[in-house]
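Quick heads-up: structures coming right below.
Here chain A shows up in two complexes: once beside chain B, once beside chain C.
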Partner chain A sequence: MKTDKKMVLSFLIPAVIAYMIVSIYPVIHSTYLSFFEVQSWTENNPTFVGLANFISLLQNQVFLKSFGNIGIIWLVGGAGIFGAAFGFSALLTSGIKGKSFFRAAIYLPNLIPVVAAAAMWTQYIFSSRFGLVKSVFSALGLESLANIEWTSHNIIFWAMLIAYVWGGIGFFLLIILAGVERVPVELLEAAKLDGASMIQIFAQITLPLLRDVIRVAVVMWSITVLNLFAFPRSFALTYTEMNTPSIYLYQLAFGQAGGTTSGAGSGGVVYVGMAAAAGVILTIIVVLVYALLSLVFKEEKLEY
Partner chain B sequence: MKRINKEKLLRWLRQFGAYIILGLWTFFLVYSFGWILASSVSTTREIFTGKLLASGIHWDNYVKVLTTGNLALYFENSLIYCVISCAGALALSVPAAYVLSRANFPGRKIVTGIFVAGMGIPSLMTMIPLFMMFTRLGLIKTFAGLLIVYICGAIPFTVFFLSGFFSSLPTELEEAAIMDGATHFQAFWSIMLPLAQGAVITVTVFNFLNFWGEYTWALIFVNNDSARTLQIGLQTAIRSMLNQGNYAGIFAGIMVVFIPTLLLYVFLAEKIVSNITAGAIRT
Partner chain C sequence: MSTKKTFVLLATLLTLVSLVLSGCGPAKTPAPTATEAPATTVPATIAPATIAPPTATSEPVTLVYWSMWNADEPQGVVIQQAIDAFQAANPNVTIEVTWQGRPGRNLFTPAIDSGTVIDLVDQDTGRIALSWGDNYILGLDDYLSQEAIGGNGKTVAETLFSMVLNQYKTAAGNIASVPYNPFLVLWFYNKAQFATAGITAAPTTFDELITDLEALKTAGVGGFTFDPDYYTDIMSGDSAQRYVGCDAFDAALQDNTGESWNSAGLVKWAQDMEALSAYALPATSANLYPAGQQAFALGDVAMTYNGTWLPSEVAETAGADFQWGTFSWPTATGGVGTLNDYDTGSQGIAITQVSEHPDEAFEFIKYVVSLDIQTAMAATGYPSAHVDVPWTGAVADAYTLVQNAQTGFGWACSAWDTGDFYGNNLMPAFTDLITGKITADAFTARMVAESIANIPAP
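Entry: the complex of A and B
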């Protein structure tokens, strides 16, 4: 199509400018701020401190532990989410009736707003007084399991992880199912006729053909986990057991007391420069993880 | 014959297992929401003694959480944020998506690439400079501040989604219109835009759901009594209801936040699900 220059410019420029304001400019300014000590949100003359913010963050146990936490979430939660997504996609493609209903039911938790989902789990399902988990274990006569305090400091992290996996399965199921349904049926039937077992078919035919879909899903899961903030924070507002890098960054930038009522910028000590440095570290890790995953899943187009 | 029977039996067993597992998942969902719904119209005493609904239906839990808990105001705020943001995101993204996918000009690939990369930037990284800038401009704790962030922030996804759709349309339509003497703008406005109606509605549903459930920016930018969103409002209300031991109110609050999403989903589940699926194949 021949192009109308004026139209291209007038159609594109508003979106590009708007996007620069909320994305490109903040990344540059954040990087700049990470080399300064900024002790208040209105400070005009921040002190240049070189790499001091980065050095103290990398020696800070709380910050490092927050990366340990998302590492566990990535690995254990990822195993749960991908295991369940593959399992459900096998069940949904086994020729059952009501497939689209069940698919919609598995996706539904994904859409529950975080605060409502977190409250549902902490106030009802894991409640130590009238919770669903407690009543199921009591009904089965498993008193020791029924008496577990799911929301106590030592296990709330695992309770959160269970709830988070439950909420995330649906999205990854949809992605994997889309790939599974594109695998040609003839290929699977031919393998079956040749006497291949279910496991062989899955490992040697389905899985290699799903490479691209799995790559997309793993990249999305990794970036989501690296940026995780809302769900663990809503699950337990002030527990340090739940810290993710983003939650720690938030505490640095807006003060430890930044609960729901006091909110942002309500006074107290803030470490804006250090928070910016934490953001830079996080962004570098996102880029590295992305590069690493692209390397692992090297493009290698399979034609079928 | 025997072999076929054995295969049939295996198949039947596998499907039976599938129904049990999928049924359990669905039962868990229905039971939990049923319980929360029943609790939201019971008294807190009934919740603790396991006798839900024993004294009839108490709608006043909802009245209380909407008025004294202020959720009615926050509900209205969230609707305003969602509607204006959806419209704003479209106004900026539809034209951009159109030229990015249909016009040839130098730098097109770069601009597209920048938009795609934007979806991966950690939002807390961009938040610090924006909070600083908005503080200086007096936009913190105002509707305008959060609206700017929502509209601009939705551009990458909206452009990405719509340009995928626009590039799937045949070019003959515009070419014919332009041969007939229409300007490029007329071809866009009266031919391509009507064709894109379905995609525009779908992306708006996705944006609406995202804005409705958005947590992080709402927490940092408008956590004040007049401009708060429903999400943060619910969190604040739950905190104070926990202090009062008002569990019935907590469950009513959860329902207030969840019901709009559920209604939208009941009507649009197929559309939402199939579009995520299509997106996965395209990328």
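Entry: the complex of A and C
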């Protein structure tokens, strides 16, 4: 079919312009702001401070700790999510009855709004007075476990991580399950006839054939974690133990919002330039992580 | 022109028009977050204004008003009533109100900077004076000397609680807004449970507080609880104010040597908080808003530290027969704070510098803070800023307190504005101290060590 370049351009240009306005411009403007001390969103004469915002952030314990937090979430949460997703995918492809039901049930948490899910976990499951966890452990006579204060500031991060893993399994299960179902049954049966164990089959056949799927899943997981904001913030609004880089960025930009009608923090002090610098750092890290993962998981076309 | 070319042109035109129009449409008002909007019930009826507002102008004038409330919140309902009455008495004045909700505070300055004309705006009085201040807001000192509506000769300033009116000023020293919906942070207690324990008067000193808590314990009544994720800041800042004052507390939070925590006042503060922790409801450190205040409303404890919005938030749980009482944070032996110093604030209404009709705008403000509208505000269960309008219902006791109030200080001594150390280090440590997880000595040692490690050199 003959391509009409003018027609293609006429459809593309509005979208390109819209994309540049809503995506590229904020990136450029944020990068510009990151070199200035800006104490309000509309300051007319910001002070140029060079790399001071970046240096300050890289020496800031709160900012560094927030990266430590997402490091733990990526590693421990990732292990939990991918471990469970692989486990469930093995179960669901084993010929189990009611596969569609279980698949839908495991995916269900993804349909619950973040704030509702956080409220459910904090107020009804982890509650130290009448929560599900307390009730179950008490019924089993495990008082020391029943008395764990899951929502106290010292361990609420781990409680949040458990809840976050619960919510994330379904999404990654669907991705992995789609890959597992594409693995030819003949290969698995041939290996079985040759005497390979289930673990050998998984490690030497299934896993290598899922390389591209795993690559996509790990990239998605990494970017999701790097930008994590809503769930930990909904879990406990003001606990800095829950800080992620995005949450800290928000606090810098909009002030530390307490829970009051008056909006706590009387002066509403904001650090827009520093927040922009945090955004730039975060963007650079996202790009680096993506590049690193692309190196680790080199794209290979496997045909089977 | 070929059919194909016509189609291409039409498609392009439609796409461009839709893009342009999508940018021109009315902005969707973001919903307030659940944590910021006070849970309350809109009153079925509000007393109508009995004093007609004065005629402000004979020329047609339109005032654009950005409100921090949503239209169905009690304060929004009262303000809408004030607008209706004001417009009825002033047919030449039209007030175009936009119910921005809480997120409006982030939109105000960008809107002004981009040329939007806004005449009236309401917000937290601290935010108006300190964040927006002289760049955006008109100084109101001269206007405040005008005679109040229905004030029997009093000026507008004289009809308002001085503590909240004068709490915040701009860098140039101007009063930037007129408070109309103040709050106090107080100890709330259950009078019935106090009576059960034989307590006849609210405590005024820390020693009396401990004596009363011991009496409650003996009577089998729980002591106190709170929600650490929301109110550790006011628990720590307001208590410290009684011992060393806000300036010294804020200075300690910025002292990178940590030596401030070894001062006599802050050591005594830590020791008293350790003593207080003995009466905290078990698992208080695990409370997440609103678990703690619900425990108070359910009668699990006799006391909680909160703001004057609390009764509205727990009204359904507490029930109509709950016997509400309030008292100021007790004084400390050797401390500098008094019973008449309060963590307070208010929503205030201000006039922008871009307003072309500041006189008419202030006429409306005068009406909002008039006796009638403030009476309607008080009827919603929220405190009024008018000195002659008693607070009602659960906050009725607090009206006596606010009449004696002298000094208002910012939320938790404005400690959030001192830097990251407060939220990241002091609050977790204070939560551990006030809930009995660590001793006063351990708290002090932790603060010294963490100050050295985390507070940057000035």
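Operating definition for what follows: the second predicted complex is superposed on the first by the 288 of 304 C-alpha atoms of A that agree within 3 Å, B and C clash if a C-alpha of one lies under 4 Å from a C-alpha of the other, contacts with A are read in each partner's own complex, and residues count from 1 in each chain.
The rule we apply is simple: a contact is a pair of C-beta atoms (placed from the backbone, for glycine too) under 8 Å apart; a residue touches a chain by one contact, two chains touch by 3 or more.
Bear in mind the structure is a predicted one, so any value in this text is a computation, not a measurement.
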Touching partner for A:V286 - first (chain B), second (chain C), both, neither: first
Touched partner set for A:F11, first chain B, second chain C, both or neither: both
Contacts of A:Y239 with chain B and chain C, given as first, second, both or neither: second
Partner chain in contact with A:S94 - chain B first, chain C second, else both or neither: first
Which superposed partner A:S138 touches (first chain B, second chain C, both, neither): neither
Chain B versus chain C as contact partner of A:W150, first or second or both or neither: second
Residue contacts on chain A - larger count, chain B or chain C: B
Which superposed partner A:M120 touches (first chain B, second chain C, both, neither): first
Partner chain(s) touched by A:I223 [first = chain B, second = chain C, both, neither]: first
Residues of chain A contacting chain B in one complex and chain C in the other: 4, 7, 10-11, 14, 18, 41-42, 115, 123, 129, 237, 254, 259-261, 263-265
Residues on chain A engaged by chain B in the complex (per definition of touch): 1-5, 7-8, 10-12, 14-16, 18-19, 21-27, 29-30, 33, 41-42, 87-88, 91-92, 94-96, 100, 102-109, 111-116, 119-120, 123-125, 129-130, 132, 171, 174-175, 177-179, 182, 213, 216-217, 223, 226-227, 229-230, 233-234, 237, 246, 249-250, 253-254, 259-261, 263-265, 272, 275-276, 279-280, 282-283, 286, 290
Interfacial residue positions of chain B with respect to chain A in the complex: 11, 14-15, 17-19, 21-22, 25-26, 29, 31-32, 35-36, 39, 47-48, 50, 92-93, 95-96, 98-100, 102-105, 111, 114-115, 118, 120-132, 135-136, 140, 148-149, 151-153, 155-156, 159, 171, 174-175, 178, 183-185, 188, 209, 212-213, 215-216, 219-221, 223-224, 231-232, 234-236, 238-239, 247, 250-251, 253-254, 257-258, 261, 265, 269-270, 272-273, 276-278, 280-281, 283
Chain A residues touching chain C - in the complex, by the definition given at the top: 4, 6-7, 10-11, 13-14, 17-18, 40-42, 44, 59-62, 65, 115, 122-123, 126-129, 149-154, 236-241, 254-270
Chain C residues within the chain A interface of the complex: 4, 8-9, 11-12, 15-16, 19, 34-38, 102, 105-106, 109-110, 112-113, 123-124, 126-127, 130-131, 168, 183, 228-230, 232-233, 283, 285-289, 291, 295, 307, 309, 345-347, 410-412, 414, 416-417, 420, 423-424, 427-428, 431-432, 435, 437, 453-454, 456
